[in-house]
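The following blocks contain the structures, represented as structure tokens.
What follows is a pair of complexes built around chain A, which joins chain B in one and chain C in the other.
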Partner chain A sequence: GSIFIPILSCKGAGNGRCGTIDPAAVPADLVDKLERLALVDFRTKQGLACLEKAVRFAGQLHAVDTSGVEPMDSVLEDRALHLRGDAVTEGDCAEELLGLAERTVEEYFVAPPGMAEAAFMSSHQLPENHREE
Partner chain B sequence: MLSLTLKEVSQAFREGRISPTELCKKCLNRIQRTQHLNAFITVTQELSLKQAQQSEIRLSQGVPKGPLDGIPFAVKDNFCTENVKTTCASRMLKDYTPPYNATVVQKLLDQGAVLMGKTNMDEFAMGAGSVDGTFGPVRNPWSYAAPYRAQTGASSDSDWVVSGGSSGGSAVAVASLTSYLALGSDTGGSTRNPGALCGVVALKPSYGLLSRHGLIPLVNSMDVPGIITRSVSDGATVLGVLQGLDIRDSTTVPAPSSLTDLPEDFDIRNICVGIPKEYHAPGLSEETVVQWSRVADLFERAGARVEQVSLPHTQYSIVCYHVLCNTEVASNMARFDGLEYGHRSTMDSSTEVMYASTRHEGFNDVVRSRILSGNYFLLKQNYDNYFVKAQKVRRLITDDFRRVFTSGVDVLLTPTTLTDAARYLDFTQEDNRTRSAQEDVFTQPANMAGLPAVSLPVALSRRGLPIGLQLIGPALEDKKLLCVAQWVEQRVAFPSISDCGDIQESRKDTGMTEREQTSAV
Partner chain C sequence: MAASCVVASELLQNTKQISMFFPKTSRFIRRISTSNLQCDKQHQLKTNSASQQLVGVVGLEIHAQINSNTKLFSGSPVRFSAPPNSLVSFLDASLPGTLPVLNRRCVEAAVMTGLALNCTINKKSLFDRKHYFYADLPAGYQITQQRRPIAVDGTLTYSFLSGKKRSQVIRKHVHVKQIQLEQDSGKSLHDDVRSQTLIDLNRAGVGLMELVMEPDMNCGEEAAAAVRELQLILQALGTCQGNMSEGQLRVDANVSVHRPGEPLGIRTEVKNLNSIRYLARAIDYEIQRQIGVVQRGETVQNETRAYDSKSGETVPMRDKEGLQDYRFMPEPNLPPLIVYEDDASLPSGIDPGQAVVVQEIKEGLPELPSVRRERLVQTYGLLPEHSFTLVNEDGLMEYFEEVMKGTRREPRKVIGWVTNELLGQLKQRDLSVSQSPISPAALAELLELQETGHISSSIAKQVYQEMWNSPGKTAAQTIQEQDLGLVSDVAQLHSICQKVVDSHPDEVCAIRSGNTKVLNKLMGLVQKETKGRADPVLVMDILKQKTS
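Presenting the complex of A and B:
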């Protein structure tokens, strides 16, 4: 009398993009968008296959009738949670925190230029021999 | 001495049969001799000895801080420890040394407990085997004990079985007698799963009872620090120390009662035990079913009421978890960008390039694929279809439990895992997602609903490996749950690993990675 759903195996579930339309198939432009959001450099064939399997696996949720059901984001939803007073109780540890970063200048974290700025700089770069002057 | 329970050691200290320093040295020595299990990422030898000496002074002056003073403990490497590396078994945090202690760690230190080190795990706690961390897989100590060796004729080194996960190192630390208690974390079963496979008691308390401050988050609404011990009563002692409101974690709730010792003679006749019929799942081993029935019969013969119950939506728990976990991971992992702490790539032509290459270099494929699919589920066009849908299913799963518990059921009795521990070679035939779905199938629903659950070992399988059963109780009824668990523990007579032929000691041919484990005293 088991009503457990079968667990899809990752094996053999790989190529979901051939043949009939697969709701789990992820179009290329969407992959680019996701990559820009996720920033994990996973635009590979393997990354895509994994994503499609993950989407297909999640699709099993659609078998559940949830009409009229409120979404639940915490098991403590019915409780008044404790909030502490809105006052600073600790801090003054900037040096300690800056010490954890790979690169800092004075009291700043250092980031490379943003995408747009990097593009601008590379298109406006002076020839190498003019730099030092 | 090493196989004693926490209470017995505390007694031995008071009677002067052993001192905290002697015990600490014994444990360090044992860590050294069981290095092949790969349970520890960092061993804090110098610090351990220093803490043990301080404890010794307190004990000799007759002013111990409490029942944990001088007791060696281990901590999963996703809890922040001040001035001690905290890596999450990831390249991303390989050299990260936090400037503060997690609340649960601080509470143990405040009680005089002695930190032995940080334990191995699946990277960022994403896994169910402790095979997917950057420091290599954790080995189950029962692989080297006499019953497994004799029953399976296992001889070659490749026959070792996994510890379960993701808190495998913590379960192994307790099972292999190098620590008397260990902290794990439990989001989908990560404490109970290795607890069951390694033959130790593993408690996931009610959500909110223990502070998450300093626990590097996986899924904020389900993460709970887990407690691994050798006996139920030890688990209750540790829970009593750790529970309660924390000003630094607004999702903590006040403890319903101060946890006094569990009664030795709990009256089981007033208890109603529910057996959820949906837990008869495909893949459940026959031997586990036999143990499940055996314990149900124990209850019945002792006069408890045993009833079959139904949790119709529990079957969707794993899929629901898959969506909720990946979405929260996508959001939680955004903090790792190489700027403020952790690994930073040298590719720095732009901020975005640096972020992406840092995360590519720092995270393993499991983490990256969860981030990617989490972002997919969170896209505007998918948000309602996946994320909100999963949140609705979560309510249905939670309501199932509520219905059963308000109908008069006190505890649910289920298996913890489908089978005993798999051989590493077999386990790694499937990918991480598939394995997590199989391994967490019985444990995950309790996290959905925030319920307390405990796994305890009940027997050795034909292969000579531990089989665990799980008890689940209503929210914040942790004490009653432990009373029932102790009642079972007293009757199943699970053998100690030290009575099963000692663990084979570290050998040269295991091919384990060399770690900065300085030699023990």
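Presenting the complex of A and C:
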């Protein structure tokens, strides 16, 4: 499912969706969900105020009537996608890459704490192609 | 329902074929309407009459690793085993400042696969980011094709052998919803002792084709047959090597139960299936488990389950706390992917290396398994179930064709040796066709000796067994050493037949009074005398003479 923030503010002739957001009205479970998805703590008064500002800012988009107009989702839409030939040109730099990590064990990266915790794992639904080793 | 209509029409098509080979059973088959022929075993296990109608519904999500030299968006190598993190580029490690560059070979592979499955190829497809946090996904997102994949709306036609003697070829269809290109993730190894997770990014960024199959299947056997056919197709195309144990082909099954005509039930996702056999077993177990749940009046939980091969059961994998939100967004670094229908539609001045042309790929498609089976039937006059077995077992078709080159014996008389004798021995010893100690030439020699009348068919079987026991000894050697050659010396045969006739006056009487079947008994006795080496045609003639 995709996230849909239902309450937006608008000025002038929009497509009719109007309303104002009240920081206290952001449901607690929505805040929970957002925190988990983004791994950011923002459950403070400041954090919620910031959220409200962001929603208002985005709401300005509704001031314009866009019915019948296909959204532009990439500024590259008129560019040609470059195709690369299937020859090996990189890789084989384990030492260099492992050198960037804080902790390694015998040529493996070590996942930061929290990623391996049962609580973290159970609350995150892994997507379809993920293979538990 | 569309699915059951397809099943019904397949049944009707098959009744024609079935009534050709099995005239008695065709009457029985016409009486079956919507119940699925192959999944009858499910129904037989039920005791409660209400639950007799509950059927399983199976959909599949398959991830096929693309057979290419380099990864989907970077030039690092694709290889099964290598030292940890040695096949990783800066992009794969998600270092800042790197950008994805699409591998042409992966696009061609996806188009080829789409064409082989009768899909519509989207001339314009798009890439998206799918966000989630996990240690083996360094970027925090996977590049995939959620909005508009490269191929949609195809069909996978598969068959399997059924019936008491496994001689009926049942054909079915599954709707392929879509094929999309996406990145593979790295691998995580959980070290529970030290409470840490070790990450190897060698697999991160490898190109995958995700194939989504609609819930048109009803049991483990169907799903297994569909996956097997897909494996054969991908291997024939060369787009994926399809080795499930090496993770080149990963299958997740969506399983639910319902009564036909009613809405679909709640589904569970079954993962960790790394062989076709486990796939079938896991699905059948899950269907039975869900039927049990429904029968008890409980509700099936929408959850992910893993298959435990030791116990043969599916077990819950993790709790689902609400649906995951992947926050899909367009991949900002990649323009739309355009493929062209034919040379005529190419924009002028385009570099051919930059254009993927569907028509060219279509013309270059190799022989697909279904075509191959048909060709074997046409060329050698084989029965459909024989050509099915030949194509289904790796290397068996090549073996058969090699044998045919070395003997003049009719294909129909050779096929049994390959699909029964050879395959039986291989399976017993857990060997693949390529590991067979008996070469096609050696088998051809044996059959040629039989064809030219040097040995009888029962001796041939004996010699064949000996060839397995002492590989390296040719058929000719064994025949000579053990004096197994066909006895065609008329005088000798006459005297043996006379002996048998003289010592069985009752049987001779029976024959003379019209019971000719008793001749077979006398034939058997003669063969016993000659240890199976008598020429059966000659013996029959002589016996008939002597008992007339």
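In this text, the second predicted complex is superposed on the first by the 85 of 133 C-alpha atoms of A that agree within 3 Å, B and C clash if a C-alpha of one lies under 4 Å from a C-alpha of the other, contacts with A are read in each partner's own complex, and residues count from 1 in each chain.
Keep in mind that, in the parts below, a residue touches a chain if its C-beta (ideal position, glycine included) is under 8 Å from a C-beta of that chain, and two chains touch if they have at least 3 such contacts.
None of these values were measured; they are calculated from a predicted model.
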Contacts of A:C93 with chain B and chain C, given as first, second, both or neither: both
Touching partner for A:F42 - first (chain B), second (chain C), both, neither: first
First, second, both or neither for A:V64, with chain B first and chain C second: first
Which of chain B and chain C A:A54 touches, first, second, both or neither: first
Footprint overlap on chain A, where chain B in one structure and chain C in the other make contact: 1-3, 33, 37, 39, 73-76, 79, 81-84, 93, 97, 100, 109-113, 115
Chain A-facing residues of chain B, complex: 96-97, 99, 207-208, 221, 245, 247, 250-253, 277-278, 280-282, 312-313, 315-316, 318-320, 322-323, 326, 330, 337-341, 344, 348-357, 359-360, 363, 365, 368-377, 379, 385-386, 388-396, 398, 430-431, 433-434, 437-438, 441, 449-450, 475
Touch list for chain A against partner chain B, complex: 1-11, 26, 30, 33-42, 46-47, 50-51, 53-55, 57-58, 60-64, 66, 69-76, 79, 81-84, 93, 96-97, 100-103, 109-115, 117-119
Residues on chain A engaged by chain C in the complex (per definition of touch): 1-3, 33, 37, 39, 73-94, 97-98, 100, 105-113, 115-116, 121-133
Footprint of chain A on chain C - complex, ascending: 61, 63, 68-70, 74-77, 83-90, 92-93, 95, 101-105, 107, 126, 130-135, 142, 182, 184-185, 187-190, 195-201, 208, 210, 247, 250, 252, 269, 271-272, 304, 306, 317-328, 330-338, 353-354, 356
